[in-house]
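Shared chain: subunit A. Partners: subunit B in the first complex, subunit C in the second.
What follows is the complex of A and B.
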């Protein structure tokens, strides 16, 4: 079902700012009861609860609305903020009789998968590794301060994005798609990954240098070979086997068995 | 007599309580609530280390663990290994062991601890799966309650946090309680064994560096990383020659 963005945006607001704030806070627990059948459904129904309480004073109507939101729902937990905000907006119009209840369900079903793919690519596969690598590279110079580097880099983007997504979802309803398309999530992902790769290289260099360059070139060469070999073999070997193999080889080398 | 932290058994029990609380909260934060990345090894290990009395020791464990699990991603229904449970338990075991042994957290302690506890990452994944099936029961109860007209049916949501909290808290507390055994092993190791264990820790770091390259899921990543590494090594050598 297609809902004109302008029409959604023009609808009268019926949920208070306090109600919206409570919905946002509860959306931070979206995955508390993540389950294989409904995925984030319980979290979504719980998150939107404060808005439903204002829109449906009758407990029976409210329970029916809650039941509707207990349908299957899955998205990236941060990007879902936009859908939660948009669903509140649509529920306002459903409660006033302007839209059928099915429109909220259609909105959630249509936006969940593409937003999930966008969020996975940007937050999980680009921002988090890059922020962690930046922290790991700076650790020899700033020690414990690297923890703040990681949390600062990651959360300055993540928290701002989460608040903005919820706000824009609520204010624009289905028009949130246009807003997110202009936010360059997808286009900035390759750039972030490239930064991450540069940092990963610097980290590998750190390991090689720490192993003994320039005084112990053999040690450095050994570590460099291990990094290259492991990077090539990891998909087949897996992290667990690689770690135990490394522990054993390191043990043997350290004990001078070779 | 097993070596204990400076305050004796009471101190050990206090550390176990602290580790249980921090480990449990981290398990909740990892997926069920907030996801501010406080439960990542890079943050959890130094923070828990600080709570237990050795933040730098926690950092020594946290950085390589973070890199080892950098590529683990929770996509849809797939579950990665549970890096937070491992980071929490490893810190909870190694930091008090370092205090008891009088060495602080060092490479040999870290290597023994990692070898003993690494399977916890996979066990944590199974635990998470069990928790998800338990959440399925919560969902069914919510659906039934909503169908019977209960407007607060979805409030069962937060109950989904109990199992991860309890399981992680118990494991972290147990890790502290067995830390004297690790301290005993460390204290009883000869010089040769300590050298060997140090070698093991360096090898783990090499694997961690390789994992960090693989974590960037982009076909250009290995080439970019190689150029960056060569440049960094060359720069370091030049600076070293001229300084």
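What follows is the complex of A and C.
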């Protein structure tokens, strides 16, 4: 990762590229020690650990810095990469005596929840279903290979986003908010959801046709009404119960109960 | 254009986040969000990050608690939109609004984080003795207090919250 020359002030303490890489890799495990009291606090302190080790050579200073990062923190696990990156940049300035330690904490508290909302909307509610539906559409052509299509589509976007967010966070510090505003996360979410809806429609149409051909109109009707019924009932029965019901029906069909 | 009104007052340490935008806004059909918080009002970074996450078409305002009370009390300039969701960081801010003359028919407790003197009464809510007392004072003056993180959960009423507090 290259650092703009202007950002490296004389005598300023700086984290090495190897240290930054280790912080990024650890940030992938942000939720590994999730707990109700601090939520992602342990994961955050662990992720930023290698940077703090370089910035605070004195064991006492380092312990105090780690303890600061054990405060409550919660965000979307991917969007959090931007905050981890930004926190490293701010810690460099704290270690150099340019900023009070409190500024790192207020940066994390200010950005955590709104970035979580962006991430929930974009990754959980738009990218994940859309990638899954795109993969499902390929199933008739490549069979179980569609699982790989999903993993490839979803993870290439998600991992690239995490790398980019971490880099932007580190390079821009508090300017990360402007950078993310220009990335159009919020405005691309409805577009991605619309793509998902189109794919879901295509999938539904294909299921009805496949069930009805060559001459089984009753089966087509059955599949069509199941799809409409599921769409109407799903919000009321909840996803978990619907998945179990679908599993039972699938098993019963597989065992030729009816 | 419907007249400005308050749909719900919610205590949430995280203020603007996923539960609020993805679950509460659609469930309440809210057209606006008013964040009443001194810290957020004074922090330009927090304000711009929140504005980034607010969906287009939803009116958004951040005010200090005192200024929010001025706006919301009878005769004030009112909330920014019809069916506005009012977000507060702490239970004490709800009492401050009430004491300044703002009517709070319903108060939702969403997320109150762990603190050294707080006890856990729900997965996402920790309260201390003073906060519970403040909620009881509000309830005694007609506020319906309920605890739930998202609208699809069944709400926990104040007597249940008290029972859980006593059990811990």
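Note that the second predicted complex is superposed on the first by the 222 of 258 C-alpha atoms of A that agree within 3 Å, B and C clash if a C-alpha of one lies under 4 Å from a C-alpha of the other, contacts with A are read in each partner's own complex, and residues count from 1 in each chain.
Just so it is clear, a residue touches a chain if its C-beta (ideal position, glycine included) is under 8 Å from a C-beta of that chain, and two chains touch if they have at least 3 such contacts.
Because the structure is a prediction, the values reported are computed rather than measured.
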| item | value |
| --- | --- |
| Contacts of A:120 with subunit B and subunit C, given as first, second, both or neither | both |
| Touching partner for A:223 - first (subunit B), second (subunit C), both, neither | first |
| Touching partner for A:107 - first (subunit B), second (subunit C), both, neither | second |
| Touching partner for A:171 - first (subunit B), second (subunit C), both, neither | neither |
| First, second, both or neither for A:38, with subunit B first and subunit C second | both |
| Partner chain(s) touched by A:77 [first = subunit B, second = subunit C, both, neither] | first |
| First (subunit B), second (subunit C), both or neither touched by A:179 | neither |
| Partner chain(s) touched by A:157 [first = subunit B, second = subunit C, both, neither] | neither |
| Dominant contact partner of subunit A by residue count, subunit C or subunit B | B |
| Contacts of A:59 with subunit B and subunit C, given as first, second, both or neither | first |
| Overlapping contact positions on subunit A, where the subunit C interface meets the subunit B interface | 36-38, 74, 116, 120, 125 |
| For the subunit C and subunit A complex, residues of the former touching the latter | 14-18, 20-22, 40, 43, 45-46, 48-50, 52-53, 55-56, 113-114, 120, 123-124, 126, 152 |
| Footprint of subunit B on subunit A - complex, ascending | 28-29, 31-39, 41-43, 45-46, 49, 52-53, 56, 59-60, 62-64, 66-67, 69-70, 74, 77-78, 116, 120, 124-125, 128-129, 132-133, 135-136, 139, 143-144, 146-147, 150-151, 154-155, 158-159, 190, 193-194, 196-211, 213-214, 223, 226-231, 234-235, 239-240, 242-244, 246-256 |
| Subunit B to subunit A touching residues, read off their complex | 31-38, 40, 42-43, 46-47, 55-56, 59, 63, 66-71, 73-77, 81, 111, 114-115, 118-119, 121-122, 132-133, 135-136, 138-139, 142-143, 146-161, 192-193, 195-218, 220-222, 224-233, 236-237, 240 |
| Of all residues in subunit A, those that touch subunit C in their complex | 36-38, 72, 74, 76, 106-107, 109-121, 125, 174, 177-178, 180-181, 185-187, 238 |
